[in-house]
Each structure stands twice: as C-alpha cells, then as structure tokens.
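Same chain, two partners: subunit A is paired with subunit B first, then with subunit C.
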Partner chain A sequence: MVTTLNPGSAKVGSQVGRSVPRLEGRDKVTGRAEYTHTMQVPGMVHAKLFRSTVAHGKIKSIDTSAAKKLPGVLHVVTVDDVMKVLASPYYGPAFHDQPILAHEKVRFVGEPVAAVIATDPHIADQAVQLITAEYEELPAVYDEVDALTSKVYVHDVLKPAGTFADLKHLKNAKDTNLALDYRLRRGDFDKVYAAAEHKFEHEFKTQKVLHLSFEPFACIADYKDTHVTLYDSSQGPSFVRTEIARLLGWPENKVRIKVPYLGSGYGSKLYIKLEALALALSMIARKPVKVAYTFEEMFYQITRHPSTFRIKSGVDKDGRIVARKCEVYWNGGAYADIGPRVTQKSGLTAAGPYDIDNVWIDSYALYTNVTPAGALRGFGVPQLVWAYEGHTDMMARALKMDPVEFRRKNIAREGRPHATGQMLKDSPVEPVMDKVLERMNWSQPFDKGSGTVKRGRGFAIANKAVISPTTSVAIVNVSADGSATLYCGTVDMGQGSDTAMAQMVGEVLNIPAESVRVTPRDTDVTPYDMGTLGSRSLFHMGHAVKRAAEDARDKLKALAKEVGEPEGSNIPIAELFQKRYGMQAGNVIGSGIYKPDYTPPAPGTGQSPNVTPFWMVAGAGAEVEVDTETGHVKITKLINVVDCGKAINPKSVETQISGAALMHLGFTMFEKMHIDGGQVTNASLADYKIPGFHDVPTVMENIYVEHDQSNGPFGAKGVGEVATFCVGPAIANAIDDAVGVRLMEMPLNAEAVYRALRIKQGKPLEDE
Partner chain B sequence: MIPFDLAEPTSLAAAVKLLDPDDATIRPIAGGTALMLMMKAGVFRPEKLISLRKIESKYSGVSVGADGLRIGAMTTLSALERSADVRKNAPVITRTLLTLSNIRVRNVATVGGALAHGDPHMDLPPVLMALGATLTVIGPKGERKLAVEDLFAGYYETVLEKNELIAEVHVPAQGTKKASYFKVTTGSADDWPALGVAAVIEGDGKAIKSARIVASAATDKATRLKSAEAVLNGKTVDDKLLREAGEAALQDCEFIADVRGSVPYKRELMKVYVRRAIREALGGGTH
Partner chain C sequence: MTAARTITFKLNGAPVTADVKPHHNLVELLQTHFGLTGARESCGQGLCGCCTVVVNGKAVSGCLYLALFVDGAEVTTVESLDTRDKLSPVQEAFVEASAFQCGYCTPGFIMMVTQLLDENPDPSDDQIRHYLTGNLCRCATYPEVMDAVKLAAKKRKAGATA
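Here is the complex of A and B:
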C-alpha cells in the first residue's frame, strides 16, 4: 500500500461509518491475544489470599505459623509486613479508606486479611487454608437505609482522597456512614407538591449484582528499587500509575503500567483494585508477584450498588408533572471505591428525562459491611431508571392516562432546561421513544393472552449525562514508510475501541483503518487518559485521536511545503520522508488533547449551565408472557433503541446494544448475590447464574438512531452503557400490563412474580 | 488444587480393589464434572483418585434387548443423547438430555457418575427412577442388583459402599407406557432445576392403569411420589383428579429451600408441575 499526502481520486473511501471487523479479532479467536490472567513473567511467583469470615470485627490475632512451614511457601504476609514497605497502606479513588490487607479491623466477609506468596499458586492456596484468625466480632450494618441512621459505623474516621472538591467537607468526619450527600434543588418542591392535584409516592429497590468479567481480576507487579512495572487487567492505567506513584512517593515516570487486552471489565477494573496489593507483595518478595482471582473470589472485590429510591411526584390536573422529590440511598459496601461519584454523577439525573420545574434530589453514598460497590455499566443510572420509569407507568395507570401520552406531555425537549439547569441539546428522547413504539407496533391491538398465560407489554425511556470533566490525550505517529501508529490509553476490553479509534485516524489521514496500528496500552509510551469508563471514550478520546491525526496531517503538509512540493501534491508519504531525510528515516508526530468545557454544580443546589458535554438517550420495549400458575415470565420481544450520534462502526454499536441489554436482562430477571449475615451464600457460578443463549428473548432488536452530536467527533457519542438503562422497567411495566402486579424490587424472578400474584388474589404465600 | 495420585486401572474389578471403604480421600472419578468443582472449591481434597476411563469398553455404550436398554455406567451423557436405541426405546431420556446442563458437561459427564454423586439436582435420576430402572453394582463381594429408586439415601447420599461402583443401568422395556419430564428453572434457562418432575404412565387414553411419578431438585433426594400415584392409579384423568394428585404429591416430599426458591414456592411449583407432567405424558409422545 502506498499512502499519499492528498490521495484525491485514490481516496480509499470513508472509514467512519464502516463496519470494520475487529482489528484484534483474529488474535482473539485463535487464542493468541495476551491477557494478564494467563500471562507469565520470568521469575514470577504467586499469591493467594486469606479472607475474613466475619462482616465486622477487630482482628485479635492471625496465626500464620503452619502456612509458613509448607514447602514452597516464600512469605506469609499481613498488614504489619506491608507497613514495613509502605507505611500508609491505604488506597482508593475517592477516599483513602481501603487497606492493602485488613488493618486492625475487618469490614466485610471476604476482605483480604493475609496473603501467601509461593512458588506455585496451588501451594499458595493450600497454605491459605492453614492460616487462622481470631476476631472480636462487632455489630454490622448491611442495609443502605439503616446505614444512614445506624450507630454502627463502618469507619472510625473518614479519609477523603482530596481529588474531589465535594468530599473535602468529610475530612476527619466521625460517627457517620455517609460518604457523600449530594443535593440538587430547583424551584420549590415543597410548596408546589403540597398544592398539586395528584400526589404519588413510591419506593423502589435494586439488589446486589456483579460484573463477572470473563477474565477475573489479575495483576502482576515487578518491583525494582529504581522502577516498578505492573502488568494489569485494568480499565484505567493512568489512574493506576498515579495511585501507585503516590503510594511509593515516587514520580510517575518510575511507574509503568502495561495493559494487554482485557477479558471485559464493565467498570469492575477501574481505579485501583489488586494493584496496591501486588505492589506490596512484590516489594516484600523482591520478585514479580502475580495475584489472579478465581471466579469465586470475584464476589469479594466489587459489585454494583444495591439501592433504595424513594420518589415522589406532584401532577397537575392536566397530567403535567410539576414537582418531584428523589431520595436515593446507595449501598456502597465497606470501602467507598468510586461510589461517591456514582452518587453524584448519576444522582443529578435521578428525576429522569422529564421537564419538571420543581426538583429536589438527595443522593446518599453509604458505607455498609458488605463487598464494596462501584461502577457497573451505567454508573448508577440503571438503578435510577428502574425507579422513575416504574413510577411513571404507575402514575399513568392511576391517572388513567395512556403511558405514551403521559410521557409525551412531560418529556424535556431540546432547548428546555434539565433539572441541573443545563439547556438540553442533542437529547432526542422523544424520537428514541417513537422508534421503540414503532418497532413494538404500539398503535396496533395487542393479544393479552388467555387461560393461565397472560401477555403484556411495556416500555421505558431514559437519559444520562456523561461524566465530566475528564481528559484524554492521543498521539499519532506517521513513520517514514507512510504507515501510522496510534498511541491512546483507551483500553479495548471487548467493546471494539481500538477498531473505532483506528477508523478515526484512517478517516483523517485517508488510509484504511486496517492499516493503522494501535499500540498496546503501556504508560511508558501511551499518553494520559482518565479511564475507559462511563461511555466517555469514543467522545473524549475520539476527539483527542481526531486532533492528533489532524495535527499529523498538517505537519505532513508542512513537510511537503518544506521540501518544495506544490500545494495539493499527492506525493506518496514515503517519498516525502525520503526527500527530507535522504533515506527511509524520520517521523511525524501528531498529538491531540481534549477536555470539554465544564461548570461545577453550585454547592447545595447542584445547578450548572454546563454539567455534561453530552446526553445518552435510550428507550426499550418488552413483550412478556406470564405463567400465572408459577410466576414464570417469558420475554417474547425486547426492543432496544439508543441514540449514538453517528455510528463510527455500525456493527460495534449493535453489539454494544445487545450486550448491554442482555447483561441487564440477567440483572432484571434473576441475578442476585444472596447475603445472609454478611456472608454471600451463592458466591460461585454454580449458584449465581448469568444469562445464556437460551435466555435471549424470542425477538430482540438492537437499533440506533443517528442524531448528530453537534460537539462530538464526527458527530458521534459513546454507547457502552446506554442500552442498559431501560430493560428493567420496560419488563416490569410489561408484567404489570399482563397480570396487574407491580414489582418494586429486582430481580423479577418467578417466585417474586408468583408472590405478587398471590398478594393480589388476597392469598399471600407464607414466607418460609 | 494440590497434587494427588491418579490410578488408571484397566478393569472394573481392579478399580474396585483400589478403593478403600474406610478412606474418604480415595475416590473414583468418571467424567469428573462434579468432583472437579468440589476439588477446586477445596471441599474435597483427594489423596488418590481412581479413574474409570480405562476400564473395559463394555461399560461405555448402550445395547438393546427384549427386556429393555442396557446402559454402561461410563457412557457419556452426550453418547446417551445421540443413541438411536435410547431414542427409540426411551425417548424421554433423549428429550431430558437436551436441556440437561450444557453440551460441554454432557460430553464428559457419565451416566454412572450422575447417579453415584447423589446430587438431588440432577435430571437423569428422576427419569430413570420413573422408568423403573435398576443398577448392577460391583463390589469386593461381587455383583448386586439395586433399583435406582433405592439408590438415594439423602442429600448427596447414596446406599453405595465406598468400594462399590455402578457397572450398568438397566431400563426395562416400556411397552406402551408414556413418559414426560419437566426441568423447571427459576434462574437462567441453563441453571440447575428448582424442580424436576418425571412421569411414566401406563394407561388407555385418559384412564390410568399405573403411574410412576418422581420429583427431584426441590427435594432432599429424588423422591417417588407414591401418594400422587395412589390418587391416579385406576382413575380417569380430569382437572379435579390432577389437582388432587398435585396436592397428594406434597405428602411425599422433604422440600429444601435454596437460592432457587423458598419451600412454600417449591410446594406450589410441585403442585403445578405434577399436573403438567401427567398431562404431558398422556398427551405427548410415548415414553
């Protein structure tokens, strides 16, 4: 292939909008792709963890003597050993609250208390079984609503990391489980609600579920006295580097984070997880140390937030929602992780995609004695939509209004202010809803079933503000033969970002996306990126990549001018370098950086004219059959519609939609971590089931609309999460339509539906 | 997992000799789908495993005679699923296998293992029980016959001695009997069942001469529903009779609560699915 400066008629065709097959697809399906979990590093030893069996307690003693005697065991490590190499062993993105190994106290069942380093993972595992610990058990708090008023405190003193301005007031706070109290106030809720014609108040709950990436957590740390390298299954290598440098008191350039492909992440591999532990163990062992989880251990690292959402709405006589109050309690578990950001960044959209003048939002991040909770594909928004779209349907039903017309009357349209005060732009909620209704044949008569099988249908709509402000940097390197290499920190964990980014480079440089090399993530060479999270990458990194490619293109043109090429020359790029350097030599380096404009929300009211650079918009519709004798729900149709701005890679957009929707179908219908006295009783894939092919709805459509995102790269925006939002409430609304029962808590499993049916019949089923 | 010894005897008799009735750390392994999970979870730590993979090939395969099917204990579930003899003589087994776990498990799991493990969540035991299947068991003192119905002693417990091995399953000829099996899941479609109900019915139209109905998964062990059978035998089926049979079934069961459902809910499922299994057997295909 010859790449030319101005290809003209040789233009290879637009790269944006092509369903380019995954660049790494062949490596993955032939087993050649590299993953941390299966990676070997020369001289590497292995660590396994001894975990707490109590939910809250003081550590009285840890007996490691038998474990130390096992042949092959190199070290048995407790926090005392860690503190000899890292004096302050606490880490975390929002609070420095999580110890590398339990320090004085344990705060959840499964918390790492000691680590065994051995020559072989099985020996380490066996040695772990020989460790014993004694605890003085303390009362524990598990429920998020209880946690707000409980006298049981998970932490004695709160330690905000200092990164986030809205957490500073919590420094040294005592006698509280509150890790953030976010507020939004607009208009006068109390007054308008009191005077409203109709008043509605409901409470919705979501359960504890988890990500279950196909590749479990894994990190290999290789510590040397002058520098450290981490091979890491991470969605955010830049953050890991910053946090490891902080723990070591080193400059960032002595810390190297290498990230191969990820066997998915879904938010679980963000910020810092096993990295600080792996670092400490490598410092102690003075060898590369690998920490790699089994699937069973995944239940003790990070989960989604369970939530309780109390929602109140006042509606006027015309069916306009005039006032809304949202109180959201987020069950953050024992360590804050990124929970306070979930609390705020999702909290600001708690009132939904509706045009309501008087809004009151309180969103509480709470510590409890269970596995920590963090980001999971949607960053809290699916829990919110579950509540407000159930609430919307319940109100429409009570008002005897058509659920479509009720929403149409209340949707916040372009140019109207969101609850934060930001004017809505590129937020096509109504067109997305209309697409759902069209694909559902909503205007046509619907067969409601007969006998013991009743049929129903429902839908839901939602929006989300992308997390802001965040920064991305990219570099495009054009080599002397004209080939291009992209350096960007976005982690391809299965979503197809490498391919999409290569398409953007190809579009700007007029070369096929397939010819662009995307370097594996390595913080020694890859520039900064805030993290692969919250559907931000295609937009933020997309901008940075586009700018880097444009910068390279402009520099090539300048080079052409410098060597005397006429304006508009289509000289092959290789010849350009040849002319300039006398041989195949040199590089052209383009760089790009992007950070959107942002105005911080006003303290106390959450008002801001510019809280987010773009809105994600989703809708879903479901048809169900309910077996009234057993409560079994069969989903016969699931329509998922999102706005993607512009589909950079249409096939990838479609698979992001289907993947997100099916993941949330599992959360909606059956996934649940059962917890008894703080103990997870189904911590394995034998007892915690995720959807399989037989759970795919009979008819499933994954559709995008392209409403040009006016400030997006090539008009595009991210779609990693957006199809998760509406699945749950659409199905719950359909069940209500079928059998007239309303489930207020997920999952909507057969027993839950059956029990609701029995209550409706006035014959409730006994509990046990 | 820590190292252990693996013996691979070439005959069933030799395998029996390697087992020790007093040493729980020595166990036989067939497909290993259940045992490996227990080993990975640290629930079972073997000193020595006796692999049955190299025993005589006659224990892997299906044959048919006038008296019914003979299924070697080492026959894999997928071989059973694909067996034309099974499909012809006991098609309910073929239908059951299609929804039993997944293809990866069926490719290695064996018929003998599915029985000897004593796990009440298995789909095959209730079906074999309802079909009146018997076992040939080999121990140090020789061979004995045992009805599948008498195999299970409790939750993950069988009546087999630690040095006894299942050699063969015999499914008697079914004649004109009709059969059904329902695997009822409450989680994902490929979850373990919350309830399994098998029904094998000898009858004429809606008139039932004799019925064998077996429940599993919701119960501590695969359980024959004799009270329900008593309601049905000699009667003509109608909705009222089916409801009575469903109610009667509850008397025969020790229900267990787990993540797949509470006891009261599983009782409701039992009532419904006993009815549905009988109706399906009567209305559906033979066997």
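Here is the complex of A and C:
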C-alpha cells in the first residue's frame, strides 16, 4: 500500500464509523495472543501465598521453619523480610494502607501473610501448606452501616496517599472506619421535604460480587539493581510505574511496566494489585519472580462494593420530585483501594437523572473486615441506579402514576442543572428512554400471563459522570515507508480499544485502520495514561490520539514544504522521506496530550459548574415470566439502549453493550459471594455461578443512539460500562409488575422471589 | 515431590516426548514443555472450558487431565488449526462475527465449536447452546459466538462443496 500526503481522490474512505474487524483477532483465535498469566521469563521462579484464616487479628507468630526445609524452596518471606528491602511496605491509590504482606495485624480472611518462593509452583504450593500462624483474634466488623458507628476499627490510623485533595483531612485520623465522607447539598432538602405532599423512604442493598476475569491476576517482576521490569496483567501501567518508583525511591524512568493483552479486567486490574509484592519478592530472590493467582485467590483480591442506599423523596401534588436525600454506605473492605473515588465520583450522581431542586447526598466509604472492594464496570453507579430506579417505580406505583409519565415529568433535560450545579449538555436521557419504550412496544397491551406463570415488564434509566480530571498522552510515529505506529497506554483488555484508536489514526492520516500498528503497552516507550477505567479511554485517549495523528500530519506537510513540494502535493510519504534523507530513513513523530477542563466540587456542597466532561446515558427494559410456585424468573426480553456519541466501531459498541448487560444480568439474578464469619464460602466457579449460554435472554436487543458528543473526539464517548446501569432495576421493576412483590436487595434469585411471594401471601417462610 | 516419568505422544501430528511428574496436568505440560499457551487454566475445575484440548479425538478439560495420561495418545490443540496463510473456517468465523473480547476463553470455544461441527454440521440454536454450556465467557460474548457458529457451519459447507 502506498500512503500519500494528500490523497484527495485516492481517499481510502472513512475509518471512523466502520466496523473494522479487531486488529488482534488472528492472535486471539489461534491461541497465540500473549497474556501475563501464561508468560514465562528465562530464569524465573514462582511464588505462592499463605493467607490469613481470621478476619481481624494481631499476628502473634508465623512458623516458616518446615516450609524452609522443603527441597526447591528458595525463600519463605514475611513482612519483616520485605521491610529489609522496602522499608515502608504500604501501597494504594487513595490511602497507603495496604501492606505487601500482613504487618502486625490481619484485616480480612485471605489476606496474604507470607510468601514462598520456589523453583516450581507446586513446590511453592506444598511449602505454603507447611506454614502455620497464630493470631490473637479481634472483634470484626462486616456490615457497611455498622462500620460507621462500630467501635471496632479496621485501621488504627488512616494514611491518605496525598493524591486526592478531599482525603487530606483524614490524615492521621483515628477511631474511625470512614475512608471518605462525601457531601452534596443543593437547595434546602429538610424544609422542602417536610412540606412535600407525598413522602417516600426506602432502603436498597447490593451484595458482594466480583470481576472473575478468566485470566487471574498475574505479575512477573524482574528486579535488577539498576532498573526493574514488571510483566503485568494491569489496566493501568502508568500508575503501577509511579507507585513502584515511589516504593523504591527511584525515578520513574528506571521502572518498566510491560502489559500484553489482558484476559480482561472489568476494573479489577487497576491501580496496584500484585505488583508491589512481586517487586519485593524479586528483590529478595534476586531473580525474576512470577506471582500468578489461581481462580480461588481472586476472591481474596478485589470485589465490587456491597452497598446500602437509604433514599428519601418528597413529591408535590403534580407528581414533581421536589426534594431528595441520598445516604449511601459503601462497603470498602479492609483496604481502601479506589473506594473513596467510587464514593465521590459515583456518589455525585446518586440522585439520578432527575431535575430536583433540593438534593442532599451523603456518601460514605467504609472500612470493614472483608476482601477489599474497588472499581467494577460502572464504578459504583450500578449500585446507585439499583436503588433510585426501584424507588422511582415504587413511587409511581404508590402515586398511581404511569411510570413513563412520572419519569417524563422529572427527567433533567439539556440546559437544566444537574444536582452538582453543572448544566446538562449531551445528556439525551429522554431520547434513550423513548428508544427503550419503542423497542418494548410499551404503548401496546401486555399479556400478564395466567395460572402459575405471571408476566411483567419494567424499565429503568440512568446517567453517569465520567471521572475527571484525567490525562492521556499518545504518540503517532510515521516511518520512512509511510507506515504508522501508535503508542498509547490504553490497555486492550477485550473492549477493542486498539482497533478504535487505530481507526482514529487512520481517519486523520487517511490510511486504513488495519495498516496502523498499535504497540503493546510498555512504559519505556508508551507515554502516560491515567488508566483504562471508567469508560474514559475512547474520549480522553481518543483526543490524545487524534491530536498526535494531526501533529504527525502537520509535520509531514512541513516536511513536504521543506523538500520543495508544491502546496497540495500528493507525494507518497515514502518518497518524501527519500527526498529528505536520501534513503528510506527518518521518522515523523506526532504527539498529543488531552486533559479536560474541570472545576473541583466545592467542599461541603459538592457544587461545581464543570464536574465532568461527559455524561453516559443508559436505559434498559425487561420482560419476565415469574413462576409463582418456585419463584423462578425467566427473562424473556432485555432491551439495552445507550448513547454512544458517535460509534467509532459500531460492532464493538454493540458487543460492549451486550457484554456489559449480560455481565450485569449475572450480578442481578444469581451472583453473590457468601460470607460467613468473614470467610468466603463459595470461592470457586463451581459454587459461584456466572452467566453462561443458557442465561442469555430469549430476546435481547443492544441499541445505541448517536447523540453527537460536542466536545468528544469525532463526537464519540466511552461505552464500556453504560449498559450495566439499568439491567438490575429494570428486572426488579418487571418482577414487581408481574407478581406485585418488591425485592430491595440483589440477587433476584428464585429463593428471594419465592420468599417475597410467601410474605405477600401472609405465609412467610422461616429463615434459613 | 515424586519422580518424573518419560512419556511419548503425538502433539498436533508430530511425535514428541516429555518428562512429566504425576501431578502435572495437560495444560502445564503444553505450556512449559512445548510453549503452547492456547489452552490455559482459569477455573481449575473443568467448568470454564478455557483449557480445552482434544485427546484421541475427544475434547477434554486440560486442567483436570493428568499429563501422564496422554502417554501414547494423540493430542490436538488450537495451535494446529491454522496455517501460515489460512485460518480454519471456525477461526475465520470468530474473527468475522467478532465473537471474542479479551480472547482468554476463545481457543476453548474454537476447539469445542470445531468438534460440534464435526459431529453435527448443521446444529440448531438450541443444540449450539447445549453443546457450549461447558464453555464460559466472562465478557459474555455469547450472542456473537452464536453468530460465529452459524457462520462457521456455512463456511464449512461451502468449503466441502467447493
């Protein structure tokens, strides 16, 4: 292929808006795509972990003597050994609260207490079985609401990382489990609520669920005295580099993070997970050390936040919501991870996509003695929508109002202020809702079923503010033969970002996306990116990539001028380099940086004219059949609608909608980590069911509307999470429609539905 | 740890030999001795299908299949399906139907779908769903996989008559 400077009539056609097949497709279908978990580095040894069996306790002793004697064992490591190489062994994105190995105390069942390094992973495993530890057990706190007032404190002293301004006041805080108390105040909730015609108050809960990426966590650290390389299954190599450099007291340029493809992440592989441990072990072993989790171990790394959401609304006589109070408790587990950001960045949308003048939000990040919680595809928003869209439906029902008309009366439209005070723009909530209703044939009569099988339908709407402010940097390198290479830190973990970014480069340089090489992530050559999270990449990195490609294009034009080409010349790029350098030599390097404008929320009120650069908007509708004899719910139709701005790659957008919705269908209908006395009792795929082929609804439609995102690259915005928001409440609303019972806590499994039916019949079942 | 034993078997058509220990599973054997990482362990319980390998013409869960048991057997992995210039019809169909996201479970699906179409060249939706219940995809790419299986069936038929 010949690439030319000004193709004009030779235009290859629009790259944006085309369903370009995934660039890495061949590698993935042939089994040759590289993942950290299956990677081998010459000379590497293996580490396995000994984990806490108690939820909260002081470590009295750890006996590693038998493990050390096992042939093949190189080192048995406790935190004392770690502290000889890294004096302060604590890490974390929001708080430096998580020790590389348990230090003095253990704070959840499954916390790593010791590590064995051996020549063979089986020997390491066997040695772990020979370690024993004694603990002085302490009372533990598990529930997020209890944690706020409990006298059991998970941490003696809080240690904010210093990264986030709104955590500074928690420095050295004692006698608290509160890792952030976010507040939003708009208008006068108390006064208006007191005077409201109708008052509603509900409490919703969500359960503990987790990501379960099929490639479990893995990291190989190769420490040399002058530099360190980590091969890492990470969604955020730039953050890992910064944190590893901080732990070592080194400049960032001595720390290299290499990330191949990810066997997905869904938020689990963000910030820092195994990396600090792998680093310490490699420093001790003076060899490359691989830490690769088993499936079971994922239950002891990171989960989604369980939540309790107390929501109150005052409604006037015309059905307008005039006041709303949201109290949200986030169960953050033993270490804060990114929980405080979930608490704030999602907390600010807790009142929903509605136009309410008087809003009060309190959002609490709480430490408890369970596996830590962090980001999971939606960053807290699915838990919020679960509550506010159930609440909305319950109010409409109580007011005997049509749920569509009730929402229509209250939706916050373009040009109206959000609860944060930011004027809404590119937030097409009503068009998305209308598309859901159209695909549901909502205006048509609905068969409610008969006999023991009742039918119902429901829907929900939601919005989310993308996390802000964040920065992305990209480089586009045009080689002397005219081929282009993109260096960007967005991690392709299955969402198709490499392909979409290549399409943007192709669009600007007018070359086929398929010809653009996207380099695997390597912080030695890939520039900074805040992280592949929160649906931010297509927008933020998209801008950076577009700018980098434009910069390269401008430099090529300047080069043409320099070598005497006339204005508008369509010289092949390869000839341009030939003319300038006398042979196939040289490069043109374009770079681009993007960081959106942002105004921090005012402390105490959460008000800001510019809290987010874009809104994600979603709607979902569900039809269900409920078997009143068993409580079994069959989802016969699921309609998912999102606004994607502009679909850069339509097929990828549809797959993201479908995948997000189905994943959330699992969280809604059956997924739950069962915890007994702090112990996870179903830590395996045999006992923790996830969606399979038979769980796909009989009819499922995945639809996007394209409301141009006016400040987005090519009008686009991210769609990785948006279809997760509404699935849960849409199904719960449909169940209520079918059988008149309201479930306030997920999952909506047969037992929960049947118990609710029996309560409604006045014949409640005994508790388990 | 117990001593290793030498086994010989056919791997993707070629005779091979390896020293394996009694506790090694087939996935480990393929990865550590032969650099084949298409079959990969995820759940470790034979439930997710990521580790699917064909032994003597039948798909097995490589994470539960002890390596010693392939002594004398014929073992086929996903890496055998393509050539330098051509993907298998099933692989082509997965690319064209965009039937993968992260790709970790994909080789397992490809192996099972290949076996399905060998047994039943024209499966119904229901037969496809039932046959693939032992393959899970956490990215939930099931609708696209359904499309890919049908597309692969068409491709194989077209190939057979061509």
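In this text, the second predicted complex is superposed on the first by the 768 of 768 C-alpha atoms of A that agree within 3 Å, B and C clash if a C-alpha of one lies under 4 Å from a C-alpha of the other, contacts with A are read in each partner's own complex, and residues count from 1 in each chain.
In the analysis below, contacts are C-beta pairs under 8 Å (C-beta built on N, C-alpha and C of every residue); 3 or more make two chains touch, one makes a residue touch a chain.
What you see is a predicted model, and the numbers here were worked out from it, not measured in a lab.
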Quiz item: Of the two partner chains, subunit B (first) and subunit C (second), which one does A:Gly692 touch, if any: first, second, both, or neither?
Solution: both
Quiz item: If you stack the two complexes on chain A, which partner ends up touching A:Glu751: first (subunit B), second (subunit C), both, or neither?
Solution: first
Exercise. Based on the superposed arrangement, let me know which partner A:Phe670 touches: subunit B (first), subunit C (second), both, or neither?
Key: first
Exercise. Go through the superposed model and pick first if A:Thr163 touches only subunit B, second if only subunit C, both, or neither.
Key: neither
Quiz item: Where does A:Thr53 make contact in the superposed view: on subunit B (first), on subunit C (second), on both, or on neither?
Solution: neither
Practice problem: Spot which of subunit B and subunit C makes contact with more residues of subunit A, would you? | Solution: C
Self-check item: Contacts of A:Glu766 with subunit B and subunit C, given as first, second, both or neither
Solution: first
Quiz item: Now for A:Thr132: first (subunit B), second (subunit C), both, or neither, which partner does it touch?
Solution: neither
Quiz item: Between subunit B (first) and subunit C (second), which does A:Ser479 come into contact with in this model arrangement: first, second, both, or neither?
Solution: neither
Self-check item: Touched partner set for A:Thr655, first subunit B, second subunit C, both or neither
Solution: second
Quiz item: Can you list the residues of subunit A that touch subunit B in one structure and subunit C in the other?
Solution: 122-123, 126, 294, 296, 666, 684, 686, 690-692, 694
Exercise. Show which residues of subunit A lie in contact with subunit B when the two form their complex.
Key: 122-123, 125-126, 129, 294, 296, 629-630, 632, 666, 670, 672, 674, 681-682, 684, 686-692, 694-695, 749-751, 754-755, 765-768
Quiz prompt | subunit B residues within the subunit A interface of the complex | solution = 1-3, 37, 40-42, 102, 184, 186-192, 257-259, 261-265, 268-269, 272
Quiz prompt | subunit C-facing residues of subunit A, complex | solution = 19, 21-22, 24-35, 37-38, 40, 71-72, 120, 122-123, 126, 211-216, 261-264, 266, 294-296, 493-496, 651-652, 655, 658-659, 662-663, 666, 684-686, 690-694, 696, 700
Practice problem: Could you please specify the touching residues of subunit C with respect to subunit A in the complex? | Solution: 1, 21, 23, 31-32, 36-40, 42-45, 47-48, 50, 77-79, 81-82, 87, 91, 94-96, 98, 100-107, 110, 128-129, 132-133, 135-145
